[in-house]
Amino acid sequence: MFLRNGWYAAVWSSDLAGAPVARTLLDEPVVLFRCVSGQVAAFEDRCCHRAAPLSRGTVEGDALRCGYHGLKFAPDGRCIEVPIQSQVPPGARVRTYPVCERWNVVWIWMGDPARADPATIPELPWLASADWKLTPGYIHVGSNAQLLIDNLLDFTHVTYLHARTIAGDPKEATTPTRTERLHGGIRTGRWMLDVNPPPLFAAAGGFNGLVDRWQWATWLPPSTVYIDVGCARAGTGAPEGDRSQGISIWSTHLVTPETETSCHYNFGFARNFHLDDEAMSRLLFEGSRDTFLEDKVMLEAQQRNLAGGALDGLIDVATDAAQLQVRRILDDLIRADAAGEASRRTGQHSRGQE
Amino acid sequence: MFLRNGWYAAVWSSDLAGAPVARTLLDEPVVLFRCVSGQVAAFEDRCCHRAAPLSRGTVEGDALRCGYHGLKFAPDGRCIEVPIQSQVPPGARVRTYPVCERWNVVWIWMGDPARADPATIPELPWLASADWKLTPGYIHVGSNAQLLIDNLLDFTHVTYLHARTIAGDPKEATTPTRTERLHGGIRTGRWMLDVNPPPLFAAAGGFNGLVDRWQWATWLPPSTVYIDVGCARAGTGAPEGDRSQGISIWSTHLVTPETETSCHYNFGFARNFHLDDEAMSRLLFEGSRDTFLEDKVMLEAQQRNLAGGALDGLIDVATDAAQLQVRRILDDLIRADAAGEASRRTGQHSRGQE
Amino acid sequence: MFLRNGWYAAVWSSDLAGAPVARTLLDEPVVLFRCVSGQVAAFEDRCCHRAAPLSRGTVEGDALRCGYHGLKFAPDGRCIEVPIQSQVPPGARVRTYPVCERWNVVWIWMGDPARADPATIPELPWLASADWKLTPGYIHVGSNAQLLIDNLLDFTHVTYLHARTIAGDPKEATTPTRTERLHGGIRTGRWMLDVNPPPLFAAAGGFNGLVDRWQWATWLPPSTVYIDVGCARAGTGAPEGDRSQGISIWSTHLVTPETETSCHYNFGFARNFHLDDEAMSRLLFEGSRDTFLEDKVMLEAQQRNLAGGALDGLIDVATDAAQLQVRRILDDLIRADAAGEASRRTGQHSRGQE
């Protein structure tokens, strides 16, 4: 069960530099492409003539031509040319999806097009600002998207699963988190004072003593998590807001369901220090990717034990608070969508009877 | 749904030079082998004792011995020896299928054996004549057989799918085809006058100017397509029947369903020029195989979008006429088979009641 | 359908030298591990918190810690620590399975724990005696376990399937077997006098003439087969019990169902000659493994033809006597278990109503 009415990250804008891109999203095959004009369009990845995947076609100006029999489609999905014949058969069109390019991400709306309001795309300005440097990546994960969201809102696992990469200080294993409801989302996190920095941060920030460390994760529906993580030299006022003696990274996680048992994971570390240092970019990219690959292995093993992604029959612990609230909000949104859908149908039915 | 009462190509005769050959045909596992006498037999590929595949056995004279416990079977399917015991248990036999070797092809009949009339095997004399040279090949295709038949009766896709291999002249993208009903089959094709030859033909025929080009495809039930393709120097009378200034190839396509979502594709180009030129044979074999591998990629992508191979909900265009007629003929034949089967059963039932 | 109330070989004792071991047994994911105290424990391989496989965790003293969120479990399955919180939630525990280490094998009981009596573990002293040298191995087989048991109780197939490895003399193809019921098991086998030894035995025993050869297989429920195989110089009294001029191997086969269509195959040749000869060990290990890999190929092919492993519609021959008796005994045991289960439930129900 997916929340359909919401903006999901389809691809990074830079992924559409060349050929059309095929991606299954919420169980539907989608092709995304950029017209010569720069406009991005998203179609069902299935030609209306013989069901060939349009992602095997080619962009011609502001249209996409099927690579099998050559039918040509405008960005609004209408077929505008059929080879060898002068007329286009009535009804020849493919389904389109609303898309919106923002923060260097192509967002797609898999639900009711009438409800696709770009104002509800999450605010992620650090992905597209000259003051920040992003090191983006992509991993395919063979687990339900929610298991990955759960993982991103949990800090306990760092000690155990990421012992070799980003775990730093024994206090990580014992410091509780605080969770609060945001307008429409959830925020969870913690401060750890006078701790050893994890290796990746020590290298990035050049710390040689103790630090004050923070981890604050925000989830926004349907499927975006960003984590404000950082360290500052211990006792220099970071908890009170002075980050001048530290480094800070906005760790950004765009999770899009592929099927009930797999998801697309676009991630990126955005930093506001050493912007032009390529070695630093490589360090952060490789460090984040290696860490998230550890998550992938565990998530896929967890998925095999947890067919539908539901938590039925399992025990909850204190640090699960954030993920449980997220699951509750999502369930409410899915229920509200279903109710709205039902009442719209009833409304149409009544009007039909007038 | 397969048409069962019809001759399907099982293997090329030359495939039976050595060990027994296993092939799943119309969803049934079959083993084919050649006895020492030269006779070909086809069994269900499943020993009646412990279900071992008989294709793992060995030919002994005019019998096939199972490779697991050593039971031996005559070409009529009867078990004629059981190791360590003197008697063969009553009823020990495996199912056989009618086979007929013609045109260097082993044809098999997967339906009612009583209806297997060799006279209904398609006429393909160029596959077995000293005046023709064949360059045969085999490709396994992960799509419903009908999608491949559709492909073979369509010339539009050459321009788009085979742009790198056999596409030749812009006129290919605009020249309409003509389709006619044959006795029991379908013929579709076209002439293109004063066109550039496609690279493969230019190389094979040594053309350095424009040609008159023809493409005439014939489908015969259940699953044979041959295409009379060729080019002649432009204006030398080919459309009127004088092919002396051209080259001509009988491109032959034997498509046999494996399952609902896969098929066996035996193909071959037969030519009547440069018969002993091995470089020419290599050129035509590799050229045809590379082209058909392009088809395979697209067909398998199409299959993923088209679970059952049906065209429900799709739009037809003018060039689909031939494939639509073929599908209609096949549907009629399948319905007629089902009706005949039903009336036979009723007849038996009535007799049973007398 | 598995017989659940019985001791199955889970792993060789030596397999638990390091990290926890994951193995699916009778369709259930299990993790086995050895505590620092030496005790072996078996859990459901699924943490009660978020379903992570516990086999990805680490042994800490006499407990197993989950590798995802760090919950810690005692050998009795109780959770004894949850990171970041002082209390363990009530009911936090994982399912355990009775295990018993004997003959250097870890045996597991997948049925009703109350019925797990170690006295019913088969007697296999040669696996753990200083007078015998074992060359153990493991093969995963993609077939129902019963098909492998059938194979082990059949000597006919040696002539056909193992022609290249352990087949020796034409008399193997014609010598009948004798089958007898043991207390709780089945014994089947034969003597072959004045025969050529198979290559592996000739090499191991240094025979350069004819031998008297024996093959006696014993099956004990649920899933153990051992075969007393050997050769002695012909006419030196082996059939009467004098094996002094021969060599003897206890070929041991521990077959444990993984799923309905796959099984774990732990095997080993135990010999009482040339105990310290490493070349001999290598010869016997490689010879047995190569032979059993031939079986694996055939069993997996057979499985594809025999979905559920049942013999419905198949013909039996004389040499199937042993395997048919085994299947009958197993069916009886499974039925008895089901009846016992039903009567226990009824009993509980009656007590519940009092």
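Per-chain residue numbering starts at 1, and chain names A, B and C are given in the order in which the chains are listed.
Please note the rule applied: contacts are C-beta pairs under 8 Å (C-beta built on N, C-alpha and C of every residue); 3 or more make two chains touch, one makes a residue touch a chain.
Worth saying up front: this structure is predicted, and the values here are computed from it rather than measured.
If you sketch which chains touch which, every chain touches every other chain without exception.
Residues touching across the subunit B-subunit C interface largely differ between the two copies, under half of the numbers being common to both.
In whole angstrom, the spacing between the mean C-alpha positions of subunit B and subunit C is 48. Looking at subunit B, no residue sits in touch with two or more other chains.
Within the complex formed with subunit A, the subunit B residues making contact are 150, 154, 156-157, 159-161, 173-177, 298, 301-302, 304-306, 311, 314-319.
Chain contact summary for the complex, subunit B toward subunit C: residues 29, 45-46, 48-53, 56, 65-71, 79, 82-85, 89, 91-92.
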